[in-house]
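Look at the two complexes coming up: chain A is in both, with chain B in one and chain C in the other.
Then we have the complex of A and B:
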């Protein structure tokens, strides 16, 4: 157990270092790009004095090195700057968006995992038939289809034509909330969550599905499967109790790798479904040239990726008794 | 491995062959786009009574109907093959050139060079690609060149890591030792002896990088950062989505997305077939 805590501490330390690097990268990006940031964020019609005042207010009249140190120390104190659009601290603007994205991401990964494991096991079982070939092609097509486009198609069919789901957003307009919790714990929320989560989940489906298939084919050849059959277990018991369970580990590994890929999908899905998360916010902030908010979203998106990577690794350790934390 | 061997390996794999044919069709479409497209993609069409031919369903004169501004969807989709392939091929070549060089240099020299380059690779892996590309393209201005820059700055990471791993096993082999005893310098060993051995692997990553780059171009265009001078598939879908016509005009929404899907799929299929060449363990699965 001590090894586990040490492992967790090391992973968190790594995450902090990566976040620091991402924050530095985004700082450089906004300042090294041609043209000073103010000319982009400030009205053209502004007088010289007003311009100078804005420059001073954001500390942009100081040398680059000093700006960078100021920026880092502000970040450490949780000060991510003030949004140009909303006039509120950027972190406050983005706070709730973070949870909306985390929940959408979690739901989509869950869908990809469950469908991938079931589908992959099925394809392995159908080895050599035309169904297996079809399944492989369908998985690759789902990964090749632009996720915003599949979102538009699902919206047209299931929200516009059939009216089974809302056309977008995170909750019905005029919905009365009795508590903060109800925002994310209600039928209305799940009803809004389903289509975007399905869209992002199908986009991420190919990796777990194909890995599960390969892994099942490997496991089926192992001695313990032979033994299970020899013990006289029924075929479904062999498949579900022994083969599927032991094939899961590589799927979890690939889920950890997939998280970075999945976040791009989530950004687009949020835009199509008007889901008020980090992805939609960063797109709007960049368009509105609200760079404190864009910056904050970028760092928090990086944090989301790291959070899910860590969760996948911990899950792997939990499921595989051979893992030693160190 | 010679070019002919690669090609024959590719045509043996049925899905790989499908991918190659698909890619060929798109490449021909892109080259001859102005000859295939019946109209200028930006031309607005009018009905006989003089009103704008808005959202016309497919017909003999407009095979895939018209957009909200009365433009011919089929012509736009045909012309859209150009930016997609341009970004795809250009980015793939640059991505793999950077990644392969980083990989062989890091793997061959080892020590602090390796440490430095691999930490840089780790950093690139930590960058969420789409948000990064979005900010970079918004700051530098929309356009194909800036999209390629954003793609190359991040995507080199996977080929670098894989090529390095390959070089680590190759450099202990006898032929490298023989070359060194034969008096070959570091550069000669790197580019005459190691590079040809990692080339099949690099080709796998070229096909995959092309698929990802085309997807990235579509995604950025859909977010509103398309090259303003060209009709791209992502831009067609951006206009379809923002005009709120997607629920009524399926002919406007379905074809450009299907084109992106098929072209990206061709990259994945070719990459998968090459992978079986580069990694024989995967064969007969």
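Then we have the complex of A and C:
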């Protein structure tokens, strides 16, 4: 157990270093892009003095090194700066959208994982039948179909024709919120979440499904599966307790890798479903050279990916007793 | 149904695997087990010997109904106390398993699930048949101490145990419900020699302290000689000779058994070179007509390569050989190394080694090798 805490502490320390590097990289990246923030949103007819004043207000007239140090020290205090466009703290601009995106991503990964594990196990069990061939093809088709297409198909069937789900957005118009929590903890939210999460989930389905299938095909040839059967266990016990349980491990690894890509997919899904997430915000902020907002988005996304990776590693260690924490 | 009072009776069992697509030729099934009959009484110990690829493992998997997908029982019955295991409904089969028929599998290393504690895995076998989680866990600890491990080992995961300890756990698991028959499939193969001896001692000790039958599958005839009262020798999917162990190895009546005996060093006996049987086992997808051993047999007659040998009964022994009546004379000749010098016998030329993957790569099978068996490092002339 002590080894575990040491491991966790080391991983968190590594995360801090990584975040620092990420923050520095993001800072430089935006300063390298040609064009300056003022020209994007300030009146063309602005005087040079007014222009200089605005630049001074945001600290953009200082040397780059000074800006960088200021930026880092602000970050350490949790201050992500003030948005050039909105004049509000960047974190406030991004905050709610960030949660909307993270929840959408988590839901889509959950769908991909659950369907992938179940489907992969099923396909392995159906080895050599037409069902297996069909399942593999379906997974690959879903992987190849762009999400804006599959999203629209789902919308036209389940939202437009059947009217089971709303056409888009994150909550019903005119809904009264009694607390901040209710934004994300309500049936209405889940109702809106379902279709976009399914779209992104089906897109990410292929990797866990195919990895699960291959891993399962290896595991069911193991002696301990045969022994489990010889013990007189019921078939479902052999499958779930022994075969699926052991096949899960490589899938966890794949999921950890997928987290980074999932963010990218989610951005497109947000557009199709008018999901008020980070995706659109990032595009707008980059275009407007709204450094604080863009920087905040990227840092939060980076931190999220790192967190999910850490969680996947911890989960792996929990599921495989052979893992030693050190 | 039950013609005899036997516990287990295998009648003319044939198990085929789908053959690999032959180069140009037709798809022929691999006849892993091709007409095996044997009987086992209560409290009887039977050794099943034969080289790799002779069908031992397939035979016992068929008996336990654990054949891999694709394997097909082409004919025969496996009677357990008079009921055919092969056609038993799954529910009834499941109840019979472990309570009546337990298994110690081929490699200790892989027969334990890596993600569960060994105590839980023993308890799982008990719980599949009797309720009571707490009692099952207590039993697991007791069973571990019966096989010479500390009960606290129950909380260990398989990777925390050595190979020998894992095999002890497998034995503890096998005796958990005091089954009427334990099938041990090469239980010592993966272990080093010293641990092998310990594990064999363990099995022997447990056998003498409990009632119940044992089938010990091995390619090591010295293990059988130590452990089993009866022995059945398999060659190319058939049993060529079976009877009392002492009698079979003392006075083998089948030329293959004679060759097998020659190919084994005797530790206590005189120093002599090893003599091996020339040639290779036949391709199980394309076995020779008549006696399977005829192409390699130094005594083969024209009839051997034509007709299946009849099963001759000599006292308590069964021998599948055309020349069984002449066994005494053959045995004298078989002890001379020159008898086994490679020649083209009357039964036809020595079969070439089967193409890779023909009979091999079935569970437990390896690419068949010369009859010196796996442990002799190649034969020598004496």
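The rule we apply is simple: the second predicted complex is superposed on the first by the 313 of 326 C-alpha atoms of A that agree within 3 Å, B and C clash if a C-alpha of one lies under 4 Å from a C-alpha of the other, contacts with A are read in each partner's own complex, and residues count from 1 in each chain.
The rule is simple: contacts are C-beta pairs under 8 Å (C-beta built on N, C-alpha and C of every residue); 3 or more make two chains touch, one makes a residue touch a chain.
As the structure is a computational prediction, the values presented were derived from the model and not from experiment.
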Subject >> Touching partner for A:229 - first (chain B), second (chain C), both, neither >> reply: second
Original post:
Between chain B (first) and chain C (second), which does A:246 come into contact with in this model arrangement: first, second, both, or neither?
Top reply: second
**OP:** Please indicate which partner A:190 is in contact with in the superposed arrangement: first for chain B, second for chain C, both, or neither.
**Re:** neither
Subject >> chain A residues touched - chain C or chain B, whichever exceeds >> reply: B
Original post:
After lining up the shared chain so the two structures overlap, which partner does A:320 touch, if you call chain B first and chain C second: first, second, both or neither?
Top reply: second
**OP:** Show which residues of chain A both chain B and chain C reach, each in its own complex.
**Re:** none
Original post:
For the complex, which residues does chain A have touching chain C?
Top reply: 127-128, 221-224, 226-235, 237, 241-242, 245-246, 319-322
Subject >> For the chain B and chain A complex, residues of the former touching the latter >> reply: 15, 123, 125-132, 134-136, 138-140, 211, 215, 218-219, 222-224, 234, 237, 240-241, 246-247, 250, 253-254, 256-257, 260-262, 264-265, 268-269, 272, 285
**OP:** Report the residues of chain A in contact with chain B in the complex, numbered from low to high.
**Re:** 18, 21-22, 25-26, 29-30, 33-34, 40, 136-137, 140-141, 143-146, 148-150, 152-153, 155-156, 160-161, 214, 217, 260, 263-264, 267-268, 271-272, 279, 282-283, 286-287, 294, 297-298, 301-302, 305-306
Original post:
How about chain C: which of its residues touch chain A in the complex?
Top reply: 64, 66, 68-69, 90, 94-99, 101-103, 105-107, 110-115, 124-125, 128-129, 157, 159, 173
